[in-house]
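Chain naming follows the written order as A, B, C and D, and within any one chain the residues start at number 1.
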Amino acid sequence: MNRLAMTLPGLELKNPIMPASGCFGFGKEYGNLYDLSQLGAIMIKATTEETRYGNPTPRVAETSSGMLNAIGLQNPGLQGVLNNELPWLEKFDVPIIANVAGSETADYVEVAKQISKAPNVHALELNISCPNVKCGGILFGTDPEIAKELTAAVKAVSSVPVYVKLSPNVTDIKAMALAVEAGGADGITMINTLVGMRLDERTGKPVIANKTGGLSGPAIKPVAIRMVYEVSQVVTIPIIGMGGVTCVQDVVDFMSAGASAVAVGTANFVDPFVCPTIIEQLPARLDELGIDHISELVGRSHRI
Amino acid sequence: MNRLAMTLPGLELKNPIMPASGCFGFGKEYGNLYDLSQLGAIMIKATTEETRYGNPTPRVAETSSGMLNAIGLQNPGLQGVLNNELPWLEKFDVPIIANVAGSETADYVEVAKQISKAPNVHALELNISCPNVKCGGILFGTDPEIAKELTAAVKAVSSVPVYVKLSPNVTDIKAMALAVEAGGADGITMINTLVGMRLDERTGKPVIANKTGGLSGPAIKPVAIRMVYEVSQVVTIPIIGMGGVTCVQDVVDFMSAGASAVAVGTANFVDPFVCPTIIEQLPARLDELGIDHISELVGRSHRI
Amino acid sequence: MIIQDLMIVASQQEIAKNIFEMKLTGKLVGEITSPGQFVHIRVSDSFEPLLRRPISIAEISPEKNEMTIIYRAEGRGTSLLSEKREGDVVNVLGPLGNGFPVEETSAGQTAVLIGGGIGVPPLYELSKQLTANGVNCIHILGFESDQVVFYEEEFAALGETYIATVDGSNGTQGFVTNVMSEISDDFETFYSCGPMPMLDAVQKAYVHKKGFLSFEQRMGCGIGACFACVCHTNENATDQAYVKVCSDGPVFPAGVVQI
Amino acid sequence: MIIQDLMIVASQQEIAKNIFEMKLTGKLVGEITSPGQFVHIRVSDSFEPLLRRPISIAEISPEKNEMTIIYRAEGRGTSLLSEKREGDVVNVLGPLGNGFPVEETSAGQTAVLIGGGIGVPPLYELSKQLTANGVNCIHILGFESDQVVFYEEEFAALGETYIATVDGSNGTQGFVTNVMSEISDDFETFYSCGPMPMLDAVQKAYVHKKGFLSFEQRMGCGIGACFACVCHTNENATDQAYVKVCSDGPVFPAGVVQI
């Protein structure tokens, strides 16, 4: 028995640890550092229909126990990803979750339809929550009805299960979760970044060229845990949790809150080996907690 | 000329620095440590009509660069505050901002009416945003229409200007700000805490008895700065900014974002002398920035 | 008076497994008024970890402006504290709270001091002051195992001392209550500090005696302003009556606080 | 190969006002392939401050497994780094990026090395390697004032060295461009590192020469995965063409990057 294995829609995970979208590119750079087959899965950088350059620089700024980013969905476009990025990843024994983005429903549908056919793409992650794209994107992530319709439209064309990534910048995260579940989502990934800003100490102007950026890192973990805790009690589809994970205890916390798997974002920049390190340390932590299989952790915060 | 003086509705501030509500009790404890007349103002702990014990303990938990609290509006009740707390503060030359809370409109109105008559209460701060009270409270803070009506009802009875304290746990902070402005608010104070949770590392259960708590401290500063930046561009009433202030640069940042004064919350627990220290250091920082009067900072992030 | 003092580490020593004894010098020591008071320590210059850590004062040497604290390096705050070296500066707020009333036991009388784990430290200064006053002190100290027993000899030098360990690796096997049931109850007062279940058991066992218990709660400010550390009292049935552990306590007469 | 190495501080010294020279030993040194590569340093064991800091490699001594970095202690990250002492461990990721192409200048030819402020350090190892190859190096180094000038003698030992300071307190008053306009342009290549406006001026002044510029950008990962550090290139008009400073650079041939 593999005590770390988890099964989620479309995903047979050796372990529940995967790098989060946008924090791991398309895997190449980290693939030079370690064997990517160790990972439970890989969430690749958002893919849009056309090539995107993204926002002007500076695109990142540091904050207390966190960072802001406004990359702006830079990516080589659907064809670039299909032709140059995904094939390279085929040599690893690891399922890919393709992060799909766009400005309107038609874009999402087109990308979803085609990318879901790639042999190593086992699931889609609908990025309806990126705070750094101006047109459209933000609406999808904050209006339950629109999110539901988009989910349904993508589900209709996707060859693989569809996870929807929720934005924390909403009044009622449960309503958003229930809406995408009703739209047919097979799972939820959460949370994306909180919208934040840092000002230059001297000039008082925003440090990031895009002005606002997405806050990630340990600073947001309490918000993420709370949201996973709330959402996991109202939906029946599984959750991949994220937001500030840096160590094995954070993984235990997210799974206790109700996540069935956990993604690691910003921490990859601090320690490029963070994912394999966590995976290596998980069994010992389960022993300390007296737990046989990692699935026993899921939702224990609210189980009686 | 006092280069730190700021004038806001109801408030002649020697300097724009004041302790935030709930982080300074009713002033007595800090009054034993330093002369409270140094402060620009004092925001006292939330007052409700009746005496409240608040939530069970544990009520606080630490997080990365932040903390969670779920005090639950413990306070001696309106009569207790009027009879025992406010009179003690009269010996200091400092305007008091009374934080008013309740479960329904009638409670708010009653407290506002009476407490606004106290001689040293120069303004009210309507706490429509406390995330730790179950009944009612949370609704006021997230629905623009209800917030507007509450503001209008309190304005109708208050003898002093009314500031409304906004919750960051909303999809559209600008809509909330515009609503309370339309309801007649004289100013806005922001932000209250983000809703978060911490789990016990071993048991996986919430550390805080109330389960969720309000996240405060440096971790939330980027969210607060972003919201002040956004709101100050759509309202004409002044903003008292807060969220993670620990040092003189944070004050510069909040005023640059668009705040006319700044409140210090959690940092009082870390350094009880933080407010007088910041006040003392402000003139030198203005010199370094080449700024004559502190009001020149206000909104420079978005001024051309 | 409460002051914020930049104290100097005079020494730091691991005296049992993960248990550190730290001696600090500074003018704060001159403000301490009773054993059982505590200090609130900033473990880092940065805001991470954010909150101060409450630690009891274990011994004072006013003539040297020196105090001792004894703490378990457990979470990230106390671990950082344990990395401080002789000569380092530590930001300490204190003295805080109201300690044990030494005057409640008179010369010639007997007092029983019952401590559990990291509740033991404040009893040391208490015992020193009581014995200096001519009080006969009996110490009952409970620990997990012999590995984490500390100050056994120091207490023994002041009076009769019994150790209880959960695994029996030192002294009586079991809890302080196992020792308590074996000693004579020919004493006037008891003083206790330790985990809640222990305080509860002690209070129940000695319900007819005059006693004082020191409580722990999660803290924010440590000075009475934030209402983080409240406990219900047994005063009335409305559930409205409370005390703050940081400023009203941490020591309360037995029976006052709802356990 | 890029590795994450726990390097040991061999020495740390303030060599000018707020400018620190740190020598680090570890096997990472064996992986360095060219001058102008940089390392990404974790300044704290905690996650506050969160991000690594990119710092150029200023000198290498492969035989000692030692490298030198020179940095200005400015913000909270570099200030923490400046508190490290001999024997401390520093978590270093590297070597990163592509450095200056030494082979682009042949023995007997002349190269002009132009550095500004904290852009000066990588030029030192570059000059050492060039001169070792028989290249004649001319150094033009710009600083704010004499207080922050460093390595003047070290550069002078390798070749002709001109200093420019904004306030004129050392060398020519003004910028590196003031020196550039005075020296002969009888040279084959130029190499430059410093602030954007300086790189821009250098590139414009030497538009007909073969040159290499090292760029700075805010970074996330430092290895090419996060797209934080991109710059537009002059390649086409669609604005889609870009390079990543961390993994494609930081050194690019003059003219490639849009300034």
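Note that a contact is a pair of C-beta atoms (placed from the backbone, for glycine too) under 8 Å apart; a residue touches a chain by one contact, two chains touch by 3 or more.
Note that the structure is a prediction, hence the values are computed from the model and not measured.
The chains in contact with subunit A and with subunit C alike are B, D. Looking at the partners of subunit C and subunit D together, the chains they share are A, B. Relative to subunit C, the most remote chain by averaged C-alpha coordinates is D. Each chain gets one centre point, the mean of its Cα atoms, and the points for subunit A and subunit D are 36 Å apart. Between the CA-based centres of subunit A and subunit B the separation comes to 34 Å, rounded to the whole angstrom. Here the CA centre of subunit B is 47 Å from the CA centre of subunit D.
Subunit D has residues 47-48 in contact with two or more other chains.
The set of subunit B residues touching two or more other chains comprises 63-66, 217-218. Chain contacts in this assembly form a complete graph, since each chain touches every other chain. Subunit A makes touch with subunit B in their complex at residues 63-66, 68, 142, 169-172, 194-199, 201-206, 211-213, 215, 217-223, 225-226, 229, 244, 249, 252-253, 256-257, 289, 297, 300-301. Those residues of subunit C that touch subunit A in the complex are listed here as 47-48.
Every residue of subunit B that touches subunit D in the complex is listed here, in rising order: 64-65.
Residue ranges on subunit B touching subunit C, taken from their complex, read 22-25, 28-30, 32-33, 45, 51, 53-54, 57-67, 69, 71, 74, 217-218, 246, 266-273. Of all residues in subunit C, those touching subunit B in their complex are 1-2, 4, 42, 47-52, 77, 93, 217-232, 239-240, 242, 247.
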